[in-house]
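One structure, pasted below without further comment.
Chain naming follows the written order as A, B, C and D, and within any one chain the residues start at number 1.
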Amino acid sequence: MDENTLKKLKEKCREMLKEDVEVIIVYTRKESEPKEILTVIESPDEIEKITLSPLSANNPAKHLIHELKNRSGKIGVVAKGCDSRAIKQLINEGKIDRERVHIIGISCPGIIDYRKLITKFKPSEVKKVTLSGDTVLVQTVNDEQRIPLDKLIYENCLYCTHPTPQEYDSLLGEVREGRRDFSDIEELEKMSQEERWNYWIGELEKCIRCFACRNACPFCYCTECLVDPTDLAISPMSPAEEKASYPRFLGKTVNAQDNLFYHLLRVIHHAGRCVGCGECERACPMDIPLRKLERKLEKEVIEVFGYIPDGDVPFLARLDILPEKETTSGR
Amino acid sequence: MDNKIKAMIYDGNFLRDVAEKLLEKGYRVIAPIKSGNYFIFREIDNPERISLNFINTKKSAKEFLFPQNEGLIRYREWIEEILLDSKKRAIIGIRPCDAKAITLLDEVFLKGFKDPYYEARRKNTIIIGYACNETGDYCFCSSLGLSPHETEGMDILVTNLGDRNYLEVITDKGDEIIGLFDVKEVTDEDGKRKHELERKAVESTTRKIVSDMKDVLVNNFNSDYWRKVAFNCIGCGTCTFLCPTCFCFDMLDEGEKEGIRYRAWDSCQFPLYTLESSSHNPRREKWQRLRNRFYDKFLYTVESKGKVFCVGCGRCISDCPAGVDITEVMNGLLKEVSE
Amino acid sequence: MSESCDRSNQLDQFEPKIIAFACNWCSYAGADLAGTSRIQYSPNVRIIRVMCSGMVNPAMILYAFRKGADGVVVAGCHPGDCHYNVGNYYAKKRIVLLKEMLDFIGFESDRLKLLWASAAEGKKFAEEMIDFVEKIRRLGPQKKMLSIPYRI
Amino acid sequence: MIDIGAEMENPYVPFKAEIIDIRQEVKGVRAIKTFRMRLVGRERFDYKPGHGCLVSVFGRGESWFTIANSPTRPDLEFSVLKTGKVTTKLHELEVGDIVGLRGPLGTPFPVDEWKGKNIITIGGGIGQTPLRSVYQYVIDNYDDYGELTIVYGARTSRDLVYKDELMQLIDEGYNVYLSVDMQEEGWEHFVGYVPDNLRFNVKPDPDNTIAITCGPPIMITLTLRVLKELGFKEDQVYTTLERRMKCGIGKCGRCRLDGKYVCRDGPVFRYDRLSSLLES
């Protein structure tokens, strides 16, 4: 994520654009603030726009699906550890055709939580944010500050299991070891049942059901989502009974219980698929700790079912790893 | 300065004291409190919980006049009850841009067909504003003809001069309330100080937008620019739900035999918003929906209501997960047109 | 789908509302057998016939809780003799995960029960239902997940 | 000009209405039923042809229907195509059931301005409903208006709505041009699409004539093109638009098309106002 990785990335992109790659999905900086967004570059003169810093947060997997649908050629994509895991999982689920993708893997030391950054700096004054070693260099209009990364790091990256991409065509940055650690989930599990209920109802009461978490997640791609279908598979010819009897599990009543229904249902669909990229928590305007729900699910998938994520056979298909008892928790 | 507005000085923290007084008089007081690392309006029962060191709250106070869920009719075989809510309320500590947004909502709900539900709440709500001495990084109210010390839409505007408060009373409702407090005359030194604060706030605004985009938008409806702008957008409802001037709603029935017909916030970014039962959807693509949001704010509402429906609060910029920025989009369109 | 269960007021003895999703080939036939052979079991159980226990979607279970069910039972065939071969395996996987998540958020996951009952085990089906209703009666009415939109 | 929904003090609360007669117009998958309703406990609100109502079924929701009969005829008639949640429930109702009615909503046809002019109505499928209200009004005040021509077509003769009424009009000597898309035995009228029927058979003379068209979007576009070829100017042609509607009073933003609300400023539009719209 430091300067020379960025230089190598630019050279790599220049080469790729000369070869068979039609476009590359890369990070570029917004004009008015240091936040980085994903853009598609097609020609070599756009190479200068590419950035790579601890602010390159978003997961390009969903954009990749979109571009593959709209273009015919090969597509390059810059992917950190969790992003490449997402792309690999989507390949297993048949949403991405591996031959048409050139993955530039970036070994990721952890990204900055933008919300923490703007509590310390005014966004319009920040010129450049770069990483050297494990301290962050923030160049602002009037001075330059050095802050240790773990002061600004996005909390989810502390529990990162795959900082170095597994699935890539070329890899930049030295290899890093991930670790599997569910200490924050165990903290929550120690609380009593009442405390946990009050904690979660207190958090989920803030939800305004804007569906940013679902729309940001690379694995929430069903158009007929049970909770808020983005498109109904109806045609002018579909009979009225079918449309009338369409199941409506959830209206637009926004209260703690209905929000809980929505989030539980959304999360449980990610069993064994979630790669921990944190897009859902970053997208949530109300700062709800959504990652904790997903990580609890990942913990159960590993401990109760003994399924190691990233296996080639998706979790749903593994019917041979059922626990004997109904549930081991019983707490 | 509108001549009707009376200015006066109050020693001490007026917002906290007025909250206490109004609670005693049986008002439901709604004020900003700190929750997590942002601020939000909540109904409070003791004035200590008010905290005022914020640029703006996460959600505007719109939800107390036009709630996210509002019961209209409770029914069994036929109508059981019409659920009007006319409890006396006071919204305290609202920023000038959100107060202006409320006057825009009045344009929608009180003009032409009077919306009885909105009117019942609006008539019984006192709005006491809190001027901005420093604009945030995402604010651009000054480029929309608004000032950080704007008084439109408020009963009383409070400006913090440090040790004392500079009050501006705009409506008779404000007069009644001021009557309960002992206030002092304004010295011209206070007046100078207030204008100084206002000027400093306007200067510190970094973001700009051109408010009259009408003809640029009309000629560029089919340009490819809108597809590029929508590349990153994920089609969620965050910008519309946080926006203080968005008023679209959906009406649903909950409960087959007996239940409630309620209306809930809806977003033009959701595809089902315009999907017809014949499966025809006038805005099927994500970029058409995003384009519609910009056209609604800067063209359609100008055509139908004569007002730009944006108050420059910047919430849709700061909280957009995909980094779509209304000022960059509009200025980008102007730049692209000029090339 | 269960209608909105209106909350009967607090009698001296709490009568729980139980929703049972019974798989058409085994458990529903088992419940039928219990009925035809005059085996009594508590009337609180409302049975919904589904073609396979694998069809029971977590949304249906959560929807039942949201509308006021005190307990939900998913009854299917014994592992191995499911009419669709793997339906009950999926059911088990979903129910175990859902119970873990319900427990994590502080909801009594004992209110959800997975039951294997073949077509011949009418008696076992009835007994399981009776002691499940007792367990729920001890747990008391389920108010946590109950969503009352009329509160708007 | 009738103020929209003048008699409703709360625009979201429907009037109580009882179904007094149901006529099955079309059977099968795309069934159509015409409901005749009478308000309970109050006089019928007065309205103009082209006004519509939101028929409300508690527990299911509301749907917009243009009033099918002319104000000169008793009660209120709505033709309901079975296509979704609310309409399916409506089709299950029997005579005597209670529904809610919110209206009159929308902007009606300016029938007063048309006095002394010839009227031609061009309808397709269920689009015939608003036109029926117009031609019934014209027939009841026939000396105020010029010549009336009715052009109406549907996919098959089974899909024709108000068939017996139209046959009766033919016997009474009004020029009615019916058409079906495909040839059927026992069908002696025109075979083909409505716009072709208009171009080859009807060939209306644009002088002092008002044309009103309503039906599926493709039919409207083709009909507008034929009318232009025949020399109709844009302010002589009226059409209606289809949009998803919820509040019906120009608030909720769903049916907004550019600066206009289809439910309040429409669904009837004069064509010259439509051609300038960006999004149509």
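Rule of thumb we're sticking to: a contact is a pair of C-beta atoms (placed from the backbone, for glycine too) under 8 Å apart; a residue touches a chain by one contact, two chains touch by 3 or more.
None of the values given here were measured: they were computed from a predicted structure.
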item: Chain whose average C-alpha position is farthest from chain B's own; value: C
item: Selected pair, greater C-beta contact count between A-D and A-C; value: A-C
item: Distance from the mean Cα position of chain D to that of chain A, given in whole angstrom; value: 51
item: Chain B-chain C separation of Cα centroids, rounded to whole Å; value: 46
item: Chain centre separation (chain A, chain C; CA means) in Å; value: 35
item: Residues of chain A engaged with two or more neighbouring chains; value: 243, 251, 253, 255
item: Shared-contact residues (touching 2 or more other chains) in chain D; value: 83-84, 87
item: Set of chain C residues in contact with two or more other chains; value: 149, 152
item: In the complex with chain D, residue positions of chain A that touch it; value: 239-241, 243-244, 246
item: Residues of chain A that touch chain B when the two form their complex; value: 30-33, 35-40, 58, 62-63, 115, 118-119, 122-124, 206, 208-212, 214-216, 228-232, 234-236, 238, 243, 251-255, 279, 282-283, 285-287
item: Contacting residues of chain B [partner chain D, same complex]; value: 72-73, 75, 77-79, 82, 108-109, 112-113, 115-117, 218, 221, 247-253, 255-257, 259, 261, 263, 266, 268, 273-278, 280, 282, 295-296, 299-304
item: Chain D residues touching chain B - in the complex, by the definition given at the top; value: 4-5, 9-13, 16, 58-62, 83-84, 87, 98, 217, 242-244, 246-247, 249-254, 256-261, 264, 278-279
item: Residues on chain C engaged by chain A in the complex (per definition of touch); value: 1, 57-59, 62-63, 66, 79, 86, 89-90, 92-109, 113-114, 144-147, 149, 151-152
